[in-house]
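Below, each structure is written out as structure tokens.
Below are two complexes that have subunit A in common, paired first with subunit B and then with subunit C.
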Partner chain A sequence: MSADFERLAAILKQVTGYIYPNEIEIHWSILIVVYPYITGLVAGAFILASLVKVFNVKEVLPTYRLSLLTALSFLIVAPLPLLFHLGHPWRSFEIFLTPNLSSAMAMFAFVYAWYLMVVLLLEIWFEYRTDMIAWAGALKFPSNLFYRIISLFSSDTSEKATYFDKKAIKAITVIGIPSAFILHGYVGFIFGSVKANPWWSSVLMPIVFLFSAIVSGIALILLLYMVITPSRGEQLDMKCLDRLASLLLYAMIVAFSLEGLDFLHRLYESEESIKILSDMVINRLFISLVVMQILFGMVVPLGILMLVKLARFNDELRKLLYFVSAILIQIGIFSTRWNVVFGGQMFSKSFRGLTAYKLEILGVEGLLTALFLLVLPFLILALLLKVLPPWGKIINQDASVAS
Partner chain B sequence: MKRRKFLSSLTNLTLLIISGSVVKTTLRGAVETYLTDTAGAKKRFTMGIQTQKCIGCGRCVTACKTENNVPEEPFYFRTWVEHYVVKKDDSVIVHSINGGSGEISENIKEHDVLRSFFVPKLCNHCENPPCVQVCPVGATFKTEDGIVLVDEDRCIGCSYCLQACPYGARYIRPATHIADKCTLCYHRIKKGLNPVCVEVCPTQARVFGDLESGASPLVRLKRMKNTHVLKPALNTEPKVFYTDLDGAVK
Partner chain C sequence: MKKRVTGIPDPVLRLGIVFICFIGIVLFIRIVIIPSPLKETGSQRTSAIERELSREIYFAGSDICSDCHDEESALNRSGHHKYLSCETCHGPALEHTEDSEILPSAPREREFCSQCHTYNLSRPTGFPQIFPIAHNPLDPCISCHDPHDPKTPEIPGECSACHAQIERVKIGSPHFFLRCITCHETPEGHKIQPRLVSSTKPVEREFCATCHSTESRVEDTPKIDFLIHGEDYLCWQCHYPHRPEIEK
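This part shows the complex of A and B:
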């Protein structure tokens, strides 16, 4: 505890102006930055997957199953940063048992459970059902038992059954799109509904979160597709990549416009908090907001993607530009979450001063934990790609089966 | 058929969880109702603060820390005192050194000062408390007598209430990782005593009482003086009120 006091004493020296004495410590740490970042990737990846099934965007079909598995991998990790952040994580089940229905945070448990159980797992199950039956039939013990169990001992591969699968997937996707909107829009609402905090309190917050989620999700799938496909010795489908990049561009234009509108609205209204918020942007968030989020995370990739659309670059150059843009976008969206979470806590609600955030390296809420939570979904995805390969083949010592 | 059986088991499990939740919530409500019914006539406790009487001695801050076992370090306060200096150029300087119990070291030239005053701060025990609204597990709640409290055995330490409080009145106890704040010394007032900050104030700047009681000095204060609350535009409806509150106070 004395280390905590020393840390706070060091932060106290960086305080400028007047802040309420309880405001020195920033309570929502980097883990709360990781949480909306990961949740956004889930929503974005799912919305991309749904484009194939509901809106019949055939070009991005090669990424359909990858998107679903990515969404699941990240969704499994999504509650972990929250759990690690809690002072009493073992009491978290109280959110299920005695939820305060007026609390946006309490609804997380239900939105999460709905999204995991009703949307993602069901859609993946129906999508893979016939594959799982085929794998269960072709592989040796214990792999065949494993697939029999995860296929819930289903064995019907008749035309009627596969037709039902397709219908079910379409129905789930139709439910899934608003669910994905709710999942991430609601994360925006957790921040946007805090009326005491002018940096957060905005009716636009859920919709800004949603579009930035779509941007980050598409960019992530583009990156994964570009890394995984060559590593399997296969050619990248340029039509798919071009379509992904176009979708990314359109989503970015909407996201950028919304963020711009939010910024202009605040500036034009110039409410009581405008001075301290300007002070904070200039003195505390300049690098993370102006440089990382707006310049490198938005303007540069937006410019690149527009250029690619207008000019006629060859395949190799386009791949390179898409890859660079997608990485910049990931950095930009992470910075967006950073700026939302810390921006809302660095200024005093007295509007007279600023505190500072000192990122810990070790510790439960430190950088290493955050990095672990950011890497974990990729490890889960690697496992899922082994167990449920999107390309319909199982590479196994026992057998190799084409579905 | 097997799929149907599986779905049926899934439905049963969901129903079991929901019914468990309903039973627990109902039982809790019944216990709370019983406790409030047996507590006697309805009361509405709060505090009025006469800013012009506060001399900034900070005794209330130290007494509160001792009485309520608030950590001594200058990052945790249930109550604190702000010192305002309004200069002739209309700029405002505010300090709260050690929550108002420390010495003021700011170098302000006397002839620059237009006016100067002290303002004690604490939880406002709002009628529409945003902390109660956002608490995901209902650990922060409003009692029948209008006081906002934290149930230590229920708080999960998520800090959402700290984000929602517009007044910076809450902190997380470093030893227990639980949200803490002014309770108006609930353990004392239930015995008919004053909150400790009221007890030790040498100038009677803090007045405690029951708004429902006609004989209360608090009600008389409210009747005789112009009163204000902090940040009224947020519609939290604070019960703690101030007399002669300066416009510079936020």
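This part shows the complex of A and C:
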């Protein structure tokens, strides 16, 4: 208890102006920043995957399976920040069993379940079905049993069955795109529908979230592709990289325009909150918003990608520039989530004062937990890449190469 | 399996079985395992109402008190404590209504009244508040105030008796030397019934201009040109007069 008071006292020293007593401490912590960041990566990665199947963007085919597995590994971790944040996480399953139709937060559980089970798992299952049958046939016990179980004891690898798989994948992807939009649009919807909070309350919020999600998802796949492929001793497909970078550039232009539009709209509207919000941006969020989000997260990578598009750099320099841009974008999108979550809590609803956020290092809502949750999807992805390799081969000590 | 069963494609059939099993498990938990009260969607669960109704009753309600104590009840309804129920001070009285030998409590100690009337910043302006240490220490409240019709024995002489918070703010401000009635016209009735009879606030810019206009002859006050400053706003819409931010 005394530690809580000490923390409050420390925050109180940074409070400026007048704020209500219950506004001193920020309750939505870094975990609530991690959550939209992770769901954004899921939606972005899936939308990239859908480009291959629905919009026939052949160049990015090498990243198709990687995108699906990345989306799955991040989706598995997506609810964890929320569960860690809850007081009684073991009661969370009740939102499935006693649904509350009037609560957007409660209905998200169904959006999540739909996306996980009807979209991602199904698409991955159809995509890998024939591979799993092959692995089940080539590997020894117990690996073969594992693949037989996850293929649901399926054995039909005929042309007709493969054709059906392709059709099913296309149909699921078509359903998946709006689902991915809902998945991440929902997160923006939750913030955008808080009427009493002028920093959040905006109809543009779901759209802004969605496009920033697409940007972060494509950037993540680009990063993963650039790291994983050389580590397997293979050459990077430059056509694929260039196409990914182009898609990233277009998505960034839309995202940047939308964020700019939202910003201009707020300035032009100049509601009574504008003074305190300006004060907050200048005195509390300057580094995270102006420097990290806009300058390093948006303007610099946008400039780099445009430069690459216009100039004729050699392959090595292009790779370096893509890599740097993708990392900067990840930092920028994380800062975007940071600014949305904390910006909405840092100013008093009296519009007369500001509080500050004190990041814990240890503790459930601390930095280490957040880092763990950010690393965990990569560990799951490593496992998935082992179990369901996107390149269609399994190297096993029992069977050298199968399929 | 396969087409031999229904003509449904093999993968769909396999996935269908998995989904049906999953949905079946969820429905089984939902229908069989979860107790029915937990599935009610109304704002109150029926079982909760039944549980509350089955509890032992202690309070009689103020209506029944007036049947015997009509004098106190009538006095109470005309005074400032008219929104308080008898049992707020006297405690649960159901037993007393059934057996007049059992007497409800009648608090006489200062601490009881202090629960509501000790000075607290969050209480509304005009609510009677005192500092128990400074306000007739050790005397029981009821020696001066009748709890059924609490009135101050004498009309407060100073505004700070009720507006202590403002008084304290004003102490640190350049307006400290101004008396409250310089700016607020205060009818005598306001001291007796503050919520019914209000005091006034200045409604003309000219009022502040008497001291703060560039043409004012009052010395040592901040001066501004009222023709160009503040448009049509009243001065106190931007400046808090009890502690005006701008000091000379």
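Here are a few things to note about the model shown:
Rule of thumb we're sticking to: the second predicted complex is superposed on the first by the 399 of 403 C-alpha atoms of A that agree within 3 Å, B and C clash if a C-alpha of one lies under 4 Å from a C-alpha of the other, contacts with A are read in each partner's own complex, and residues count from 1 in each chain.
Everything below uses one rule, namely that contacts are C-beta pairs under 8 Å (C-beta built on N, C-alpha and C of every residue); 3 or more make two chains touch, one makes a residue touch a chain.
Computed from a predicted structure; not experimentally measured.
On the shared subunit subunit A, the superposed partners subunit B and subunit C overlap sterically. By the document's definition of touching, neither partner reaches A:Q235: not subunit B, not subunit C. Taking subunit A as the reference, the larger set of touched residues comes from B, when subunit B and subunit C are compared.
Of the two partner chains, subunit B is the only one touched by A:E23; subunit C is not.
In the overlay built on the shared chain, the residue A:N314 is in contact with neither subunit B nor subunit C.
Contacts of A:I95 after superposition: subunit B is touched, whereas subunit C is not reached.
In the superposition on chain A, A:L152 contacts both subunit B and subunit C. Once the two complexes are laid over each other on the shared chain, residue contacts for A:W125 go to subunit C alone; subunit B is not touched.
In the superposition on chain A, A:D165 makes contact with subunit C only, while subunit B stays out of contact range.
Judged by the touch definition given at the top, the superposed model places A:N56 against neither subunit B nor subunit C.
In the three-chain superposition, subunit B clashes with subunit C only at 168-176, the remaining stretches of 96-104, 150-158, 168-176 or 222-230 being clear.
Residue overlap on subunit A between the subunit B contacts of one complex and the subunit C contacts of the other covers 96-98, 100, 152-154. Considering their complex, residues 2-3, 6, 17, 20-21, 24-25, 28, 73-77, 80, 82, 92-96, 99, 121, 130, 132-138, 154-160, 162-172, 174-178, 234, 250 of subunit B touch subunit A. The touching residues of subunit C, counted against subunit A in their complex, run 2, 9-12, 14-15, 17-19, 22, 26, 29-30, 34, 38-39, 41. Remark: subunit A residues 96-98, 100, 117, 122, 125-126, 129, 152-154, 156, 161, 164-165, 168 touch subunit C in the complex.
By the touch criterion given at the top, residues 1, 4-5, 8, 12, 18-25, 27-28, 82, 85-89, 91-92, 94-100, 102-106, 108, 152-154, 190, 194-197, 344-345, 348-352 of subunit A touch subunit B in their complex.
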